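What follows is a group of structures, each given as structure tokens.
Common to both upcoming complexes is subunit A, partnered first by subunit B, then by subunit C.
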Partner chain A sequence: MAYKKKTVILFLVALLLTCLYIFYGLSGNIDYILPRRIVKVIAVIISGGAIAFATTIFMTITNNRILTPSVMGLDSLYLLVQTVMIYLFGSHSLVMMNSNINYVISIIAMVLFSLILYRILFRGEDSNVYFLLLIGLILGTFFNSATSFMQVLIDPNEFMIAQDKMFASINNVNTNLVYLSVVLIFLVMLYFWRYAKYLDVLALGKDLSINLGVPYNDVVKHLLVIVAIMISIATALTGPMTFLGLLVVNLAYEFLKTFRHKYIIMGSALISIIALIGGQLIVEKIFVFQTPISVIINFIGGIYFIYLLLKENRSW
Partner chain B sequence: MVKVERLSKSYHDKKVIDDVSLTIEKGTITSFIGPNGAGKSTLMSMITRLIAQDEGLIAIDGENIDKVKNNDLAKKISILKQSNSIQLKLTVRELVSFGRFPYSKGRLKKDDWEIVDQAIRYMELEEIQNKYLDELSGGQRQRAHIAMVIAQDTEYIMLDEPLNNLDMRHSVQIMKILRQLVDELDKTVVIVIHDINFASCYSDHIVALKDGKIVKQGQACDVIDSCVLKEIYEMDIDIKEVNNQRICVYF
Partner chain C sequence: MKLRYLIISLIVLSITSLFVGVSDLSLKDIFSLTADQRDILWHSRIPRLISILIAGMSMSIVGLIMQQLSRNRFVSPTTAGTLDSAKLGILVAMLMFTSASPLVKMSIAFLFALAGTFIFMKLLEKIKFKDTIFIPLVGLMFGNIISSMATFIAYKNNLIQNISSWMLGDFSMIMSGKYELMFISIPILALAFLFANKFTIAGMGEDFAKNLGLNYRQVVNLGLMIVALVTASVVLTVGVIPFLGLIIPNIVTIYQGDHLKKSLTHTAVLGAVFVLVCDIIGRIVIYPYEIPISLTVGVIGSAMFLYLLLRRKKYGL
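On to the complex of A and B.
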């Protein structure tokens, strides 16, 4: 039962780093600093956990270790949806002023897109991972380009306001959305509960899942909706982090060496939290904010991604 | 009894299964034979709802499979496809335990584990039951998968080329086990098989397919016949009686 022990170790490390982040160098106006740090940590934990969770599920239903929701362009899409809304409604309109409404509309758009993605991914008689990867990269680039294009068209003053409000990064966590996100995560977990038992079987592939009585199409569709909501939450809180999911889920599989999703999901979420909070500690205290952590994670994650592609290629 | 009526399936205007009707009797081994691309695997996949049919009806024990709940069907009929590339880090025993999923939903009870152990014993996998699948030879992996299907404990068992990757000893072992499943445990087994001699020696019924149509179906001895085989495989096949078994000589 080594993987249970390892999960506990991960939990302790994550807890230690979280406490360190909250209490390290705490001086001055504690009443002001402490609540702000705690909210930020909660946002980072939710975001990291959501990315790990969504990526684990996505890899299981697509049966591969390379495709992640981010690589398929889901977080780029979230930014596009946001930009389209500023473009259409303007930064002063009702929708923009209340970021929670904006958040919910974006999530609905993401869910609709995930249902389209479901048709592309799972209706073909046989789908090739590399073909899907290509589609995903093209879609991601397309979403990014469309986002930039629209941002150029928007009035610069309006764009400044919108950017400040909407486009989060790990140094600029969108704390307005934290409370709504906690509620959403809770609801998604309730929704997920019905499908949790199928994950281990889904990892065996489509044919074996159907053979073992999993209502395959139905389950996959609902799980993809969950993935889309999770990615929306993470992107809204801390901005896009393309390779984080890929990195942490693969590390969880390597480290825990089990197929049980209960532990892989917990493990990858904990690794994700460790990477984000630990990385943020290093960035803030050692690099003094000179390098954003998303750059570091994408750098390491990107190298790992290339390594995975080469490794897969060799075993062909 | 599995009843298939007027089944059809096309891929891009090409009919892979064309108006096929057949009945699979309880307590028998039925073999699907035919050249590559005859539609054997497609037919099997449709009977086990892996692929949806374009037209036609499939009924198991009088119930239309489209109307039965997935989980109930998984307790009645199981299928093992020919390519099983599981990328997970799984031991043999863990794989076999997945066979109990329709009953336990992943929380195996004591009697589930007993059935798992029984299946492992049946396939003589005790010694390697704690090894990981990627450490095994192709034949051992195949046997582990068959053990999983046995643990699923369904009345109907469908195997798509179960002898793939197996040497003679293990091929015979598996065919004997299938025979035992039918004779002792009263299961119904359907296999897709390329080696017509195995089909001839071990099956009760044979269904011969070509280009998506049934050429001939019936008792093994009726189908293993020079004229029939010539029509299916387009080659002259000599049939000799050895120890009361019909053996095809096609070399």
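On to the complex of A and C.
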């Protein structure tokens, strides 16, 4: 059971890094610093885990190791939904009605949208993977441009208020949504429990899983809702990170050498946490870069992605 | 899509473009201009119009040439890393040669754009499986990698805001004295017209072109130089206008076919019309403010590209 042992090792490394991040160079006003660091770490753990989790499920659904929700433009979609909300209701409502409600409404909109997207994209016989990927990338560009477009339309004063509250990055973690996110993750897990057992079968492909008695369309739809919620949570907390999911899930498959989703999901979530917190430690404390870790992850992830594309291509 | 109607709409839109803006200037004033109005016309409105026309025409033509040479409908400066390489070049120029003249900066951007496009073309040769969709995908990822390199350097030097304002395609800062660099594109475009037939032959594939007695390498290299030069000059003066080189040539080819000599003029005029329309929209929507052209084109362009992709079977792309 090599992969069990490896999962334990990953867990220990993740724990070590987390502690290191919390306690490294801790001095001065500890009462102030410590809680802040802990909340930040929780946010990073949640979003890293959520991205890995959503990506694993998405790859299983689409039966492909290159397609990830972020590559399909889902995190850009979340930013667009947020911006449209601010545009429609104004920042006043945002401040008054408290950002939690806004967060929940955005997630609902996101789920609806991604279901429609899935309908359009996977309906035809023409679901060539490369085609879907290209569509996804262009959709991402479209959502990004539309987001900036809407942001220009918003009154600059209102936008400044909204920006602080809504648009996070890994260096500027959105801590006021952390508690709600913990609750949400818990609820999603409960919801996920009913479908967890199907994942290993789904990995065999659509035809086989229908043959084996999986209510395919139904299960996929519910799993997709879970993916959309997870991506929303992650994007709301730490902003978009396009290639993180791709990188960590593929690494998990390589490292654990198993196809059991229980371990893959755990493993990829742990690797993702290690990558984010470890990377953040190295970048912040050792190299003293100002570059956010997401830029570096995008760089490495992009190269890895081309490598994957070329490799897949060669075996054809 | 008759050329005649395109040219008529180009003229009408150009005149409209001259008289849209914050400062008061209307068509009936044209014969009794005050000194202020004349200044605005000569130093702001006309340069703006000219730069829009040049940018629209040259970026669309460049896209068309790239598509011919790579024999792929979905390759363009946006999807081949050319734009991102030019961006990296400008960043390097800003860092290393702070006081260099725009011309020097442009040369550096040009070298980077050329190198980037060249690497991409080499990458294409390595790929055995020439799927229409696969190639732009690799190109987009390639562009992403180069762009994250640029972001990395920019972050280290606190240039993020600079680079994003440089890159955001925007005509509102165009004034006389700031856009003349774009005129470089005009002789280059003339060259493109001269070589149109050769590009068409090169687009039939290396073996076939050589069979017909064409110096294939030379023509391809010339095409890439044109692409890189035009991209560098547009990126440096206006900024990035995404998707232009992608959608305009595709729309024209649907109607006109692959013969470059026939489709070049159409592409150029339609490109200019498209950018003019987008620019006028951007200027009116939040009047008296403006929406940068790259956003308007980005939204409309990516939507149109998606449409093209989804319907491509129908058009046989």
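Keep this in mind: the second predicted complex is superposed on the first by the 306 of 316 C-alpha atoms of A that agree within 3 Å, B and C clash if a C-alpha of one lies under 4 Å from a C-alpha of the other, contacts with A are read in each partner's own complex, and residues count from 1 in each chain.
Heads up, the rule we're going with is that a residue touches a chain if its C-beta (ideal position, glycine included) is under 8 Å from a C-beta of that chain, and two chains touch if they have at least 3 such contacts.
Everything quoted here is computed from the prediction, not taken from an experiment.
In this superposed model built on subunit A, subunit B and subunit C occupy separate space and fit side by side.
Using the contact criterion defined above for the overlaid structures, shared-chain residue A:133 touches subunit C, although it does not reach subunit B. Touch counts on subunit A: comparing subunit C and subunit B, the chain ahead is C. By the document's definition of touching, of the two partners only subunit C reaches A:292; subunit B does not.
In the superposed model, A:153 makes contact with subunit C only, not with subunit B. Judged by the touch definition given at the top, the superposed model places A:305 against subunit C, while subunit B stays out of reach. By the document's definition of touching, neither partner reaches A:109: not subunit B, not subunit C. Of all Cα pairs spanning subunit B and subunit C in the superposition, the closest are 14 Å apart. Counting contacts as defined above, no subunit A residue meets subunit B in one complex and subunit C in the other. Residues 11, 45, 48-50, 70-75, 78-81, 84-90, 94, 98-99, 101-102, 105-106, 152 of subunit B are the ones touching subunit A in the complex. Those residues of subunit A whose C-beta lies close enough to touch subunit C in the complex are 126, 128, 130-131, 133-135, 137-139, 141-142, 144-146, 148-149, 152-153, 242, 289-292, 295-296, 298-299, 302-303, 305-306, 309-310, 313-314, 316.
If you check the complex, the residues on subunit A that touch subunit B are 63-65, 125, 197, 200-201, 203-208, 210-216, 253, 257-259.
In the complex of the two chains, the subunit C residues touching subunit A come out as 74, 126-129, 131, 133-134, 136-138, 140-142, 144-145, 148-149, 151-152, 155-156, 158, 242, 285-286, 289, 291-292, 294-296, 298-299, 302-303, 305-306, 309-310, 313.
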